[in-house]
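When the chains are written out, they are named A, B, C and D in that same order, and each has its own residue count from 1.
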């Protein structure tokens, strides 16, 4: 059986998913929609699919699944619309910037028993998958402490910052999800500190560019997260899990693995400098997992609930910084 | 302009090139030929091209270029046939196992002014390309000594060994080409030693599985090559160039970059265990370079002459082992 | 001029300092005192110095400097005694487990203008010194975030735990000092979380074995510290400083740098498994720095004030865990 | 029992051994001799030993062992003298630059049943010892191919070059010994190539600065050696052994293990730039092994025979380069 896809949103990340869908032998990209006709036309021309409106896609009998890559503020509405239309749904993170809105949306999804998967792409990075597999295979015993360092090569445009929901909901949210994924236990408290060290304009926009977070679970496991919007040496993405038998860590990735030695020392090239090249394989694996889930060959994971909890952790971090205190996750999630 | 391709030979390496061609926006796979109908049909079904005979392809007006992936003993004949037919030609290494036959074949190519490129895929590996670029950019000064370690995960089937032309013409030939590529100067002497340490059946077939080679240029530059048909830890592919200002080395590659630490130490996974996964990107780059050459945007390199010289170095190595002496390349090439 | 030393305390760390003193060409070990006659006799026999009482040393004209390696609860009294006796003093950390007692003691030191240096050995580790030098040389720009992972190979004996003052004052205190050393700015807030994951007996003794800490400075710089009393792979000691131009990190150290590759992967040996072998060079450098300070060739650093502040940060961390809140350093130091 | 030592030669390497002897609890440095009174006096003053003549040492009842660190042309005579005097002898490599002279000297040693150990310090480097231990423990199966890269930071003074016996007898000799040590089988053939790429003055002095060597054993095992008198990045000392189950390699060593990441990439400092700092621990281990051998607790290894064979391999390499052919070791050793 071939899964027939429609792509909602033909921007940067939409193109990534279009390529993943069309490269997958059990999927077919049937339609694309975008508010910008040119963007939709480009995808249609490259992959031989139809340009349609969102409504037409929702009503179409020849579409099994949609991939939502629109701006964030449309996510929840589209999830509800396509849940009601009976389509399987893959939605880029976050579902919404409001915990309550996410909850309402997931209520619709649950009522319709819609298959929904949320785009935390890092869970599908081969290196992070191998870290998870090592944990699941018991190679480090009980996980005790997870350490995540995640730094962007440079700050995003201020326009993006303003509508991003803030660094915790935009950037750290990936790390919140990864911490949960690796700890395999619910987070109960969040402590965060945040400052503006990279770009004063980010502070003027009400956001931060340098944050640290500590998380704890009920059984006393820890995670620490360190984020910066600047890393001159590329896209710094490290995770490490420490357990009772040992530790496992994923190394940073670079496009070219050479080393030059001279009188100044031994030098390797900088890291990947863009999340799309760094996570190329992760995006392909992610869509493959969604297709598997539709075919009943695997879970629809990360789920809407995973999306909700990661957002709640971000909300807790925001409160922690604002009020200078440790925040219980139950304060946000009830 | 789109380059219209025919694929000659739909086996393992043919499939790799089919994917590279069809992924390239300026190329189209129009036809495929193979003595095994099933193999050709599979490629045709997957990529929507026609199955044709070799003769039909040679006579077709809608084919610009061919990619020769047949067994080695057909290479030279096919090069001549398609040179005479006016097609651009990409041929897998080696052109032939006989230096004289290669020379005759290149004579036809020259007479026809055919664009011919030979498949030394390693020149297109991103890491080795970066090594070459570092040399070309003067980052290590004058290259003085090149060190190559190249080991296969395990020995090939004995049937393959028997028709391979021997380890020097089958395996070391890549390293001969790489040594020339990095030294940027002609090799004048070859010393080799060879033994059977991995599999006695290889010795019974008249071949070796463990070889060492020293090469020298007229100006006194050196290259050393170490080959084994066995490496329990994967496909070991290291090159290093040492120069007057410093050194540059390409590191081994693995699919997954994690490290597990426990009481036994720090362990990273084995290397890629198959040349096709190790050199995936190299194969794509190689076909892209061929397409560029056809479009006049780059050289047809490595050339037929490069193929000839690498084979001559292999012949010299065979003689060096047989006669226990240093062999001048001029003894082979005149 | 040769500095004449007396060693107060001939236990494990005393022996380390005895070797450092006797290896230094500008120092001489003249006397040793210990409550256990055998321990003092051993040092005396090995290095040819006299066994004396503490009082005799305090009154001796032939002693210029003392190195205090006694149990912690004697440190402050000894500092005062030898400050009053006019000797230069090197004291192992901590000066005392009570901030008030440390303050009183430092009052005596100040009144006597005694040269006092406190034993935060890690500042003298060649690798950490190189990290500091890179920062001081501007190689990473302004330091923004310091990340420290520090894990012991295994938990100490419970008897030790009981009199240690707790993990923050015993183990994390080194990391507090290192964070200050690298951030080069005062810490203003401390957030900590702590749990018992390694050994329930540690919890029964009222202490923790797994802790995470976040520190912030007035200008918004961060440090995060991750500690565990267990690391199956050896003595894990990593520091990293992230700045506006780049990052600098010290790698873990092992006695033997080999790598074995086989079908299971690439394995390097575990790390040093003992702080004394890990920090051999640091201890020698530390005593050399003390000797330099006495000779007027360098600062007496880390100072008593450094010892006081590190202890205050530990106290703040204890309060942070107990009360589940962010603690201002000013709450402790006033 | 304390072994009483005399040091013959108080130059650079003599000082290294003096420190090793005096640091060893079972040894005592009793006397020193040197043609330069100042050099001997310095050692005597530092370590409290007597300055004596060589004859006085030979006739002294209070000397058990001598360490020969004189210029090479005195080694064989001194070995014979002290063999006849009944002392245990440690001699720096090489015993002599003439194979025949070495043989005669070893004849005297054998007749006197003198305990003689030759200073191939690299066998005692902790990292290389660990490589050897991995082989001896069967961790890589049967050793098949040994690869050695050994490069000096820069060329020695021309005066030194002229009396060194040439690069093969001066520098490569260490690698010849290491190859034998790791292969654990006699070398039967030597092929070498050599050139002058670093410093024309070396060529004018009749020597080479860049050499490659291939060695083979009777059973078909290989070793390759790559030497250069120049490495801008420090003292490059790598060995690797490849076997039927896997490989083991020793990594290069640096004084400071930090890594700085910035827009230009990730940079680690250069390597040690001097053999004495690189091999500090090896020199100490070497003298400890000699003391153990005297005490009957271990073999006197490397032996005089090891010194002879390494020299013979150097002679074979010289002939191989001169005559452009593969040389049998039996041509040199008979």
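As a convention for this text, contacts are C-beta pairs under 8 Å (C-beta built on N, C-alpha and C of every residue); 3 or more make two chains touch, one makes a residue touch a chain.
From a predicted model like this one, the values you see are computed outputs, not experimental measurements.
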item: Chains touching both subunit B and subunit C; value: A, D
item: Chain of greatest Cα-centre distance to subunit D; value: A
item: Comparison of A-B and B-D by number of C-beta pairs in contact, larger one; value: B-D
item: Subunit B and subunit D: spacing of chain centres that average the CA atoms, whole Å; value: 41
item: Residues of subunit B whose C-beta touches two or more other chains; value: 231-233, 245-247, 261-263, 269
item: Contacting residues of subunit C [partner subunit D, same complex]; value: 126-127, 130-131, 134, 139-140, 245-251, 253, 255-263, 269
item: Interfacial residue positions of subunit D with respect to subunit B in the complex; value: 142, 144-145, 147, 149, 151, 189, 191, 193, 195-198, 210-212, 214, 216, 219-222, 224, 226, 228, 230-233, 236, 242, 244-247, 324-326
item: Residue ranges of subunit C in contact with subunit B within the complex; value: 231-233, 261-270
